[in-house]
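Chain nomenclature is as follows: A, B, C and D, assigned in order of appearance, with residue numbering initiated at 1 for each chain independently.
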Amino acid sequence: MAAAHHVCGGMLISETHTDAMQYVYRVKHVYHMEETPYQLAWVVELEGYGKALFLDKKIQSALGDEYMFHEPMVQPGMTTHPNPKRILVAGGGEGATLRDALKHKTVEAATMVDIDEQLVKMCDKWMPEWHQNSFHDARTTMVYDDARKIIAQHRNHFDVIISDLTDPLEEGPSQMLFTKEFYQMISDALTDEGVLTVQSGCTDPLYPHLYGCIAQTLKEVFPIVRPYWCFVASFMLPWGFILASKKHDPLELTQADIAKRLEERGVTGLRYYDPGTHFGMFQIPPYVRDAIARGRVLTDDQPYFWEA
Amino acid sequence: MAAAHHVCGGMLISETHTDAMQYVYRVKHVYHMEETPYQLAWVVELEGYGKALFLDKKIQSALGDEYMFHEPMVQPGMTTHPNPKRILVAGGGEGATLRDALKHKTVEAATMVDIDEQLVKMCDKWMPEWHQNSFHDARTTMVYDDARKIIAQHRNHFDVIISDLTDPLEEGPSQMLFTKEFYQMISDALTDEGVLTVQSGCTDPLYPHLYGCIAQTLKEVFPIVRPYWCFVASFMLPWGFILASKKHDPLELTQADIAKRLEERGVTGLRYYDPGTHFGMFQIPPYVRDAIARGRVLTDDQPYFWEA
Amino acid sequence: MAAAHHVCGGMLISETHTDAMQYVYRVKHVYHMEETPYQLAWVVELEGYGKALFLDKKIQSALGDEYMFHEPMVQPGMTTHPNPKRILVAGGGEGATLRDALKHKTVEAATMVDIDEQLVKMCDKWMPEWHQNSFHDARTTMVYDDARKIIAQHRNHFDVIISDLTDPLEEGPSQMLFTKEFYQMISDALTDEGVLTVQSGCTDPLYPHLYGCIAQTLKEVFPIVRPYWCFVASFMLPWGFILASKKHDPLELTQADIAKRLEERGVTGLRYYDPGTHFGMFQIPPYVRDAIARGRVLTDDQPYFWEA
Amino acid sequence: MAAAHHVCGGMLISETHTDAMQYVYRVKHVYHMEETPYQLAWVVELEGYGKALFLDKKIQSALGDEYMFHEPMVQPGMTTHPNPKRILVAGGGEGATLRDALKHKTVEAATMVDIDEQLVKMCDKWMPEWHQNSFHDARTTMVYDDARKIIAQHRNHFDVIISDLTDPLEEGPSQMLFTKEFYQMISDALTDEGVLTVQSGCTDPLYPHLYGCIAQTLKEVFPIVRPYWCFVASFMLPWGFILASKKHDPLELTQADIAKRLEERGVTGLRYYDPGTHFGMFQIPPYVRDAIARGRVLTDDQPYFWEA
């Protein structure tokens, strides 16, 4: 065929966050495609952002900026706890959440629960840059099961729990992992000093509703609830997290406290999180606070469904 | 023609920030298209973000989230100055930057300099939601000329200058408005208590280079240089600004100071900026600080050109 | 905003014929957008194909290749009739079908029936290159009404009828204009020597089903049914038509007959149709004949709905 | 990440034939990607058209409609020759051109010359539906070399030569395989009854120039030159071929002759070519004849380069 003025040729992945926009990634190579019992997984090489994981055609993380997601996911909670020894990661199949938590040398035992064993095995093989062998760290126990079931088996046990679950789509595997009942189980599984951080969806002005609901739901269970946000370049969106805590407040630390904890625990090489951005992330703007005010409590009876 | 399973049909605007991605906006309606002596201007209605302005096929602002750009552009500088009476806006053709500055009732005289009169007239007519009549405010003087020429005519005059110029593309109209020599003219045009804020380009991990260069250049001229950032949803990017100041430091205020100034000056209705986000925005992450460290000083002899 | 390596920027119209593909047109300018009581109409300037009409986001015709559609729509039927004096065009809002029929100076009276008066008026104003004043030809009578109602009012009257209607979408305005009952009305409205040509949808291998159904339906009413096809560049698809006739067979002519008729009637300036392509178009390939064999008869009770 | 109203998600391949349009294919799966010494090869599964080969990001053929290209490529020439025993295929790496030629049981010896051995081996493994083992047919000799060099080694030898080469891009591997000098070599390599068919590029109204040039060039060498065309659905374009012949004229046959030859030679299962479409394809429209009239003779000194 004739190759003429090829201005836009090539392989793309198009993702539609909302009716408003399409996010189109340029693909240099496809490393691997696999359908697990739970999702369709693609490992590809993107222009600019490098190797990336897509699940069900939606980007999960890219090597070039995965720190913009994983450090905000992990570090505020880990740092807020004075001495995190026993931790649990729910979800986070790439292994980067686990990796970032294990950087704290206080950690003695890390449990990672992911329902999709095939996906984790695939990430283990195809995405070593993410997990950096943390699946095989001596402190790690891998559990392939429903996070709700596993968490319900523990009482007063974990110092930090990190909920890195996919958004609660209707009838999806995560829908019941964002409810008041589930957060109560987490609270029970945590010690009295326990800290939870929750991946809570995007925080752009068009679709901040899930974020508001998770915040309201956590407030039903935890005395300290601190929404925070960051920006993930390859998501092309601002992203929301919430820290919920039984005793320790991330805003009662000083920048010096955080610097000291990171140093003592041997946490280095961070590119998004530091003592300054710790506090910057908790400064959410009025439009997001308004979205939180409009959120409703999610329950097992009335879980989240997509509400625009 | 046959209309079948029309899943993706319709009018789109595709914008390529980098090789890595395409940002595709869904267009509901085209209100107006006009070619000025300086640029191609489109006023369209987008899905989700509503009415929007594109210049040379690139989004400038959208009604649904223009506050995510214009409040960070304007408010940190205005609030940092204890009593801004005389201000100048360079660029900012939509009029929203001027509008946000005029909210401070301390302002007695506002000069807006834009080289593209036809564009401003077009915005005046087609985009009233942006300027909200600020072009016709009794305090406003509109000047259609080169910002560099106008600023050079003033000494010790302005309290706040807001540089809302398009990025310094090679041989574009703004290329010489980001150099050390130009910033020295601005410094001279400011009073001893003067404050400058500069639109400084994107701050994603792929292309933060311009941001670093502007920061280094401002440090050559101003004693206080404070980089800050925000996220603009319809740009699908984090965005960088820099506050440069001769005396007042935005970080030496308290949240209470800011709240008081906003209240005293009658500034209401903000959705991104408040006493909390004021401080949050100045917390830039390590990867952006690294980009600043790698920046070079821009001069009239060696201005910015696109450096990936 | 930063303008970098803009490889794919700009305004586009994306159309999805099937799940398989997207047809993306590059738009240079938008002349006019209007919502009529029946459809959303856009008149735009495309790269390459020039001015173009889109209805409900689907291309109808482009100036650069409208002859690839309108000549096959009109000329085989007009030429097959030995002396077409009274003709009717159903649909064809752009006026190019009427224009091509009026080229035959045998025509004494042309009736054009289109249900969408606002659309025709818009085409009259914005698309003069198509109709070339044929709406205002002394021989033309414009009727803004349902084609079925108007055709039912005539008996033994028209020499040629040209059905240039949009595809029969479910509950769309054309659904009942592709049924056996409607074709019987057309047969009654034609003289004993009458000829009909029908716009019959695309003929690519994925979706030739409508074409097959129209062919089977016409066979129920007319003794001579001759499917033919062409290719319309800006549709990016092969396109199907069917000639149905009470007495005259397009395949019983010779190339010399056709050349003589075109010359005697003053038909010049054709770019797709000539005595050779007349016969070429009636040579449809086995895969299309197979689609015809699988077609079903469309009736008022069981009209067409999209059947993949 | 949040999965919301996913209207357009997924993997795509975008191809730009001209500035005017983008052809976007939806990709269900990527089977294989390989960079040969000559080109980047992708074997993917498309929505609708099924398994497909892309070379250098441009579609070559798709399982669902490869017959729309390969039958017109092969059958008119094979059928025009009264008794093709020795044939040569130049290019055609997928093996489908060879396969379609071998259907004629008159063939005793088939030589396929392709410069890209790695590509042919890849097609042999990944695309058996195309070649249907014809690479390993006892009559086949595979030669991995420059077609020009191999053809120059033969005199008065081949009955039919099929030139299924990629378009002559500037400095591409095929540029010197579309010149008068090369066609003279082909003429010399053919017997006095020899027939040549040439893949000759697209024939849409925007870019028919290459087609015109090849036609003019062949006229310099062969006494009988018959342009013909077809439509290839997955190319979304009409496609041009030219039959050049030393003695036999495809237009002097009758439909009965063709039917007889196909039957005697055991050629069955065709979906595009038959005695009717044989003649239909040679009926090219005035706009394409005009493009031929504007073509220039291509020579080794002045080969083709992209001329819009």
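Simple rule for what comes next: a residue touches a chain if its C-beta (ideal position, glycine included) is under 8 Å from a C-beta of that chain, and two chains touch if they have at least 3 such contacts.
Small disclaimer: the values here were computed from a predicted structure and weren't measured.
Enquirer: Measuring between Cα centroids, what's the chain most distant from chain D?
Expert: B
Enquirer: Call it same or different for chain A and chain D: same when shared residue numbers make up over half of all numbers used at their interface.
Expert: same
Enquirer: Take the average of all CA coordinates in chain C, do the same for chain D, and state the distance between these two points in whole angstrom.
Expert: Roughly 32 Å, centre to centre.
Enquirer: Taking each chain's centre as the mean of its CA atoms, how far is chain A from chain C in angstrom?
Expert: About 55 Å, centre to centre.
Enquirer: Between chain A and chain D, what distance separates the C-alpha centroids? Give it in angstrom.
Expert: Averaging C-alpha atoms per chain gives centres 52 Å apart.
Enquirer: By the touch rule stated above, which residues of chain D touch at least two different other chains?
Expert: 7-8, 12, 14, 18-19, 22
Enquirer: Where on chain C does chain B make contact in their complex?
Expert: Touch residues, chain C against chain B: 1-19, 22, 27, 29-30, 33, 42, 56-60, 166-167, 169, 201-202, 207, 210, 235, 306, 308.
Enquirer: Across the complex, what residues on chain B touch chain A?
Expert: Residues in contact with chain A: 12, 14, 18-26, 46-49, 64-65, 67-68, 204-206, 231, 233, 236-238, 270-274, 276-277, 279-287, 290.
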